[in-house]
Every structure is written in C-alpha cells, then in structure tokens.
Amino acid sequence: MSVLEVRGLSVDYGTLRAVHDVDLTLERGEVLGLAGESGSGKSTLAYAMTRLLPPPGVIRSGTVRYKGFDLLSLAPEQLRTLRWNDIAIVFQGAMNALNPVASVATQLLDVFRAHRPSMPRAARLARCRELLHLVGISPDRLDSYPHQLSGGMRQRVMIAMALALEPEIVIMDEPTTALDVVMQRQILEQMMELRAALGFSVVFITHDISLLVEFSDRIAIMYSGRVVEEAPAQSLYRAARHPYATGLLGSFPALRGPRRPLRGIPGSPPDLRHVPSGCPFHPRCASAMDVCTARTPVLAPVDQHRSVACWLEHENRGAT
Amino acid sequence: MRFLLRRTVFYLVTAWAAITVNFLLPRLLPGDPVQAMITRFQGRLSGDAVQSLYVLFGLDQNTSVLEQYLSYWGNLLTGDLGLSFTFFPTPVSEVLGQSMPWTLGLMGVTTVISFGLGTVIGVYAGWRRGTWVDALVPVTTFFSAIPYFWLGLIAIAVFAVNWQVFPAAGGYPAGMEPGFSGEFAGAVLYHAVLPAVTIVVSSVAGWILGMRNMMVTVSAEDYVLVAHAKGLSQRRVMISYAARNAILPSVSGFALSLGFVVGGTLLVEMVFSYPGIGYVLFQGVNAKDYPLMQGVFLVVTLAVLVANLLADVGYLLLDPRTRREAW
Amino acid sequence: MNAKTRAGLALLGFFGLIAVVGPWIAPYDPSAMGPDLLQPPSGAHWFGTTMTGQDVFSQVLVGTRGVLVVGLVAGVLATVLSIVIGVSAGFLGGAADELLSALSNIFLVVPALPLIIIVASFLPDSGDLLIAVVISLTAWAWGARVLRAQTLSLRNRDYVLAARATGERTWRLIVFEVLPNLTAVIASGFVGTVIFAVLLEITLSFIGVASISNWNWGTVLFWAQSNQALSQGAWWWFVPAGLCIAFLGTALALVNFGIDEYANPRLRSAGRGKVGFTPVERS
C-alpha cells in the first residue's frame, strides 16, 4: 500500500525546468532511495513534494497524494498542520539546520507548541528527554546550544526532532554527508532500527550510491530532472538497465558483495541551461542511437518491479 | 565575561586615545587663535583660569610636553575643562553639565524609538520581500539620504512657521522656570516633539534597510527552512528563527551607527536651538570657543563609549555564541 | 543591472554633468547681488533670489562642483587608506593585525562630526581640499574593517596558498591575487564613503566651519539659515539645495545597492509569494 503518490510533478527555477513530469510512489514502511549527480533534481523533487522549495522555485504541474489529500492544493494552514505531524525532514549539513541562538530544548519544544498545543509542559519536556535518549544523546544536553554540540550530535538532534510527532514519512536529504564514514554508518543504522520500531517510511536522498544500495529497499535514479530507472535496490545493484544507472553504480566501490571494476561516466553532469534534445543523457551514452537525439523516452515498466526510461528497453520490448 | 572584559579594555584605550588627541590637536595645529582669545579676555580672567587654559592649549612654552600632558590629565580628573568664552565666565564643565541631560533625553528616546520602529518595519519588509512592501526600499533610501538638519529646517518651516502647531526653537518656553512640575514636563515634551520626529524620520531609514537586508539573507538559511518544515506558525518562524538571528548584526552594528546618530542629533539641536550639547557646540563654533568645543568632543566621545558598552551587553544577552566576536 | 541601479547611475551622471558645466551655464554670478531681493521663483530666477538679490539657481549650479570634488577626493583618499590598512591587517595577521584593527575600531567608535569640527576650526584655512583630507582621515575605518574580514577569508584560499608556496612576494600576492577579488567590496566601500563625505562636507559648510567663500549646497543653506530665510517664508532659498543633497545621496545609495546585490546573490534573487510555501502555478 502506498503512503505517498507523486504524479506528473514538474518544477521550474525561473525559466529552467529542474524536475520533469516525475511519477514516484512511496510504499508504507519502505526506504525509497533517490540517487543522481548534483543538479539531477533529487533534492528539488523532495522539497517540492512538501512545497518547501525556496524562491525562485515554482511548481508547474502534478499532484502529491497523501491520505487522500493533494499536498499541492492544500491551503497553507492545512499544509502547516500536516508538516512534521505526517512528513518530517532530516536536513543535510546539520551545521546550519539548527537555529544557532536557540537551545536544543527550545527547538524541540517548538514542535509540540505548534502541533500539540494542549499537551502539558511537563509532558512535552518528558517527551523531549525521551527523544534525545532514543537517538543516544544524554537528556541533560537539552539546555545546550547548537555550537556546543559536535556534528554527529547535531545530526542526532535533527533526527530526534524529526521523530518527535511520530510522522508517517521521513525525508532524509544527504543526512550524513558532513560526517565521517564511521559516524555515517552509526547514524544510518540507528535510523533503520528506529524505522523498524516505529514503522515510518523513508525517502533517502544521497549521492553516495553505496550507502543507498545498502540501506534502501527501492531506488529511483534521476538524471536531468527525470527518473530514468526505478527498481528494487538489490536487483538494480546486480543489473541496472539504464546506461546512466549502470554508469552511476559502476562509479562507486561496493561496500559489501563481490568486487567489481570501477568505471566512471564520461562527460559532465547535466546542465539545466543546456539540456540536450531527446534523451538528455544521449551525449554521454555509449549506446546512443538515432532515436535518442530526437525523442525523449518515457519511464515505463519493463517487468513487474522495474521501470526504465530508455529507448534500448523499449526496443527490446518491441515498443516504439 | 572575557568578551566584556576585552571590550572594556578596548573602550578604555579608545577613551585614552580620544583624550590624547584632544591634548595634541592644539599643540600640532597653530595655536594663535587661542592666544588671541585669551588676550581678549585677559583683564577678566583670574590667574588660575589663565593657567588652566595655558595647560589646555599648550601655550606655556616653559614646560615640557610631558609635564603639560600630566597637568592636562590632572585638570581633567578634577573636572576642570577650562572656562568657556561664549558663556564667560562659566566653566566648560558647568555648561556641559547643564546641556547634557537635554541631549541624553532627546537622543535616548529617539534612538530607542528609531531602532525599535526600524527593526520592526525592516523585519516585516524583509519577510514580505517580493510584494508591494519592496516599494519601501527606494522611499527609505531617499529619506536616509536627507541630511538631518535640512529635514529639521523643513519641519520648522511647515509645522512652526506655516501652521504654527509646534514651537520653532528651544527646549521649554522662554519665561518658564525649569523645575519638576507637571506643567514644565508637558512643556518640555511639547518642545521636543518636532526635533524628536525629525531625528526619528531621518535615522529610521537606515535601520529599516539594514534589518531588511539581514532578514533577506537570514531567510535563506537552513534553520529557517527547517522551521517552515516543522510546520511552525508563520509568526513564530519570522520572529524566533529569522528576525532573532537577523537582529544580531543590527545590534553589533549599533555601536558603529551611534557616531552618525550623535552627529545628527547635534545638528538637529543646532537647527532647533535646543538647549543640548549640539546647540552649545554650535555657539562654540561661531564664537571660536576652543575650550567649549574640546569639552563637547570629550563628553560626547565618552558618552558614545558607554553606550557602546551597553550595546555589547545587549549582544552578549542575545547571542549564546559569545566567543563569536561582535566586531 | 536592474532598474534601481540604472536610475542611480543616470542621476549620478546628471550631477556629474552639472558639476562640469555648472559654472558656465549658470545665468548669474552666484555671489553678485542684484536688485530683486528675496523674490520667489520666477522666469528670471528659477529658484528665486536671496536677501541680497543673489540668484539661488546659479548658486546651486556652481556649488555642485565643490560638493562632488570634495566627495570624490575624500572618497578616493579614504578608500586608498582603507585598502592599505584593511588588506595589510588581514594579510599580515599577528601583531600587525591586532594593532591595525584596534586603530580602525577606535576611528569607528569616536564620533566623527565633533572631531572634524575641532580639527577644522583649528586649521587656519579650511578650503575644499583640506576639508576633503580631514574627512577622509575619519572615513576610512569602516572600509578597512570590511576589507580586513574579506582578506582574512581570501588569505587561506587554495590559489593564494599555492601562489605563496611558489615563493611569490607578499606585495605581488596582494596586488595580483587578493585585490582583484575584493573589487566589489572596495567599490561599495568607495561609494559609501562618498555619501558620507558629501553629507559631512555640506554639514560643515552649513554650520560655518568650512570656508563659506566657496559655493556649495551647504554654503547656500548656511546663508539661508543665518538670514532667517525660514521665518520669512523664503522656502525657495533652502529647498533646492536640500533636495539636491537628497537626490545625490539617493543616487549613490542606489548604485551601492547594485554593487551589494552583485556581491550578495541572496539579495538579488527576487522572491515571489511566501517563504516556506512554494507557489503552485499550473500553466
């Protein structure tokens, strides 16, 4: 059963299209990985879903279905109540995500103040302590200010904050990028334990494919504002079908499983100002054909669990 | 605490520098005009008074500069700033003592109003950027470019000469005896309206622009986005997350703007013949009353330093990261 | 370049033109007394006349040059001072930095107006250039402070470190590697200083500290004030000069906005709608 359904979402930055007619489904309890180089639109997509994209971002089309609502059609006040209650976000770069002049307690309590106005103060404080305990931080850190915490601790505080209202969905945007490898793993493993215990769904955004493969159930790969392949993590890792997905997976060393030779992708990441005609990946693609320069392939299922947007696949299946 | 200690030491050094500059200026620049002034008042000056003026301006050729410097400090510490030529034979310290409360009152009240008003408007303008509120920017820019004294002149022309709703000059009616009566207080307030409004209108624009730009900059910070994502009310995000951070540079910049504000206030007093330090300075300039001008400079500088220290305390209370320097 | 900056540059160009040709196109000698005493604006005297029958329009035209010259000279001197002190402080670091920073902070805190009044009244001759020099001595500190901070952050960038490692001389490093990256900051500081200098010069002329024999807008206001133009209802005597000051100041400030927006992209990106709620505009 799906908790979040994105259909036909397009986002513009001024005159540039950053996200192109994207369809995406988040199933209950799953971890959906979003992968792609910087500029591929993965963060834009995630922020647009909750209408948090800063100016000059504008949503041009699409729906985001959640519990029977379309998030894109809600009045600001309705959307505000839904935020954090149902969809929480763990932001990238924990350094700046916390208000530097407010204590950890204030920032946690703010959430209850906004969403649980009738909750007594003592209960709110008790809940804050419980949350910090949950992510492995001593509750006496409540009175600390962000600059008094280490990077890892700040990220844990963010996670505790995200879980404060027991949301249905947690979006994690590069949650561990600023941290060292050991800390990354610790925090992600903890997050997955919490997910198992609390049962929320996760949209996990990172450019680190090896982390993604390890922690996601399903992965959608984005290129130039489009989803080019979507499949269960393990089968994608074993055999990607889109040439870009193959290249992306080949450019990272595997943390577990058999060793594979490392390859990169020739050429440079997509530039929104000069999107090639047809399939945007064709200038960098080794298998490009004539049709690729002329027409853009759409994302279509190739088997029960996998969708690919590539003319190679369409030909294999005899479609045009 | 280390922060405040450092600042205090800095202000002490600055005070010392200002006093020393005050001591050196008449000695570096030609001293003839002072000598001429003293000669003019020769018959009416007591020996002590002449001596203290000699010390003040370094006219005594028989003593070394170091000796002069020491006796200069000696005079300062006993509150002896020489005699005023303009208000002869009143000592400068007494003239300043009488005019200081007027300036402090006018400036204190207008600065608080202007800072408060400018901050509130600036917060709103920055928050609602991209709407009609942006039209405020060119208007406030124009107002901040108008010299204080000229706006004062216009205010007098319109509200004192043309419409005669407010008095054109003075701090209280000419015939009234100053005292702690309700009547006197009312008259003082009535006389202060026009100068105060002039100062507020001239200075508020700077605070608005500065605060607006900081709000725009801060609104793009991650923690503001997080506050939105948390579903906090717009008010809460605007005040506790955006404005709360945007005000920090405003407070640390307060010290630096104070010089402007002081200069502006002095000018408005000149225009309105308000009985404060500025008007005293104006009279001193016209009469080439050097002891008075130097006294004004010293008192104003020391007052600014004290105000700076207060702003630092405010900053300390507002920013938990005290290790981050206010400079 | 946006509309605001263009408007600022256009206004500035207009005043620059007046500064050059003002004395030639002025219909009267600004100091010459005439038979029409205290006349309101008319075809013969666009801005009216003074108590002694001088033409206010000519005074404003002729006075433009003095204002701009003092503003520019003070601006250039103060900017050079701020570059020398600010960049050296930031680049050298250590005790030199401590000393130079303390010096600029002292100059920032001490109120400029009373200090300049004292200095100017001790000077035997207070002509335009001397006033410009005195103003620049009190106006450099803000720029120096900003430049020091910028230099500090530039000093440890890779390309400067690389140049340093190859044994470049310090002054070459500063001139060729650091300064070009400070252009926007320097330009903005320069424009800010010109605003400051213009206001200060006019103020000094108005209170009669600077020489009143040179015409500038402040001198016009000085004579208007000392002849009680206000109580006689001679608004034309002080309104034009004051408006000129305000428009010149606005022009400079608008140019500075342009520079600021260039240097700080966050100010530039025009935002629509509420922050925190991305607009949905279906086409």
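Each chain gets a letter, A, B and C, in the order it is written, and its residues are counted from 1.
Quick note on the criterion: a residue touches a chain if its C-beta (ideal position, glycine included) is under 8 Å from a C-beta of that chain, and two chains touch if they have at least 3 such contacts.
For reference, the UniProt names are A = ABC transporter ATP-binding protein; B = ABC transporter permease.
These figures come from a predicted structure and were not determined experimentally.
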| item | value |
| --- | --- |
| A-B or B-C, whichever has more C-beta pairs in contact | B-C |
| Farthest chain (mean CA position) relative to subunit B (ABC transporter permease) | A |
| Approximate Å spacing (C-alpha centroids) for the pair subunit A, subunit B (ABC transporter permease) | 54 |
| For subunit B (ABC transporter permease) paired with subunit C, centre-to-centre distance based on mean C-alpha positions, whole Å | 21 |
| Multi-chain contact residues (two or more partners), subunit B (ABC transporter permease) | 130, 220, 225, 227-228 |
| Per-residue multi-chain contacts in subunit C, two or more chains | 270-277 |
| Where subunit A touches two or more other chains at once, by residue number | 52, 54-55, 79 |
| Subunit C-facing residues of subunit A, complex | 47-48, 51-61, 72-73, 76, 79 |
| Subunit A partner contacts - residues on subunit C that touch it in the complex | 269-283 |
| Complex interface listing, subunit A residues touching subunit B (ABC transporter permease) | 50, 52, 54-55, 79-85, 88-89, 91, 93, 96-103, 110-111, 113-115, 145, 147, 161 |
| Touch list for subunit B (ABC transporter permease) against partner subunit A, complex | 130, 220-223, 225-233, 236, 240-241, 244-245, 248, 318-321 |
| Subunit B (ABC transporter permease) - residues contacting subunit C, complex | 10-11, 13-14, 17-18, 21-22, 25-26, 29-30, 33, 127, 129-130, 137-138, 141-142, 144-147, 149-150, 153-154, 156-157, 161-162, 168, 213, 216-217, 219-220, 224-225, 227-228, 234, 237, 255-256, 258-259, 262-263, 266-267, 270-271, 281-282, 285-286, 288, 290, 293-294, 296-297, 300-301, 304-305, 308, 327 |
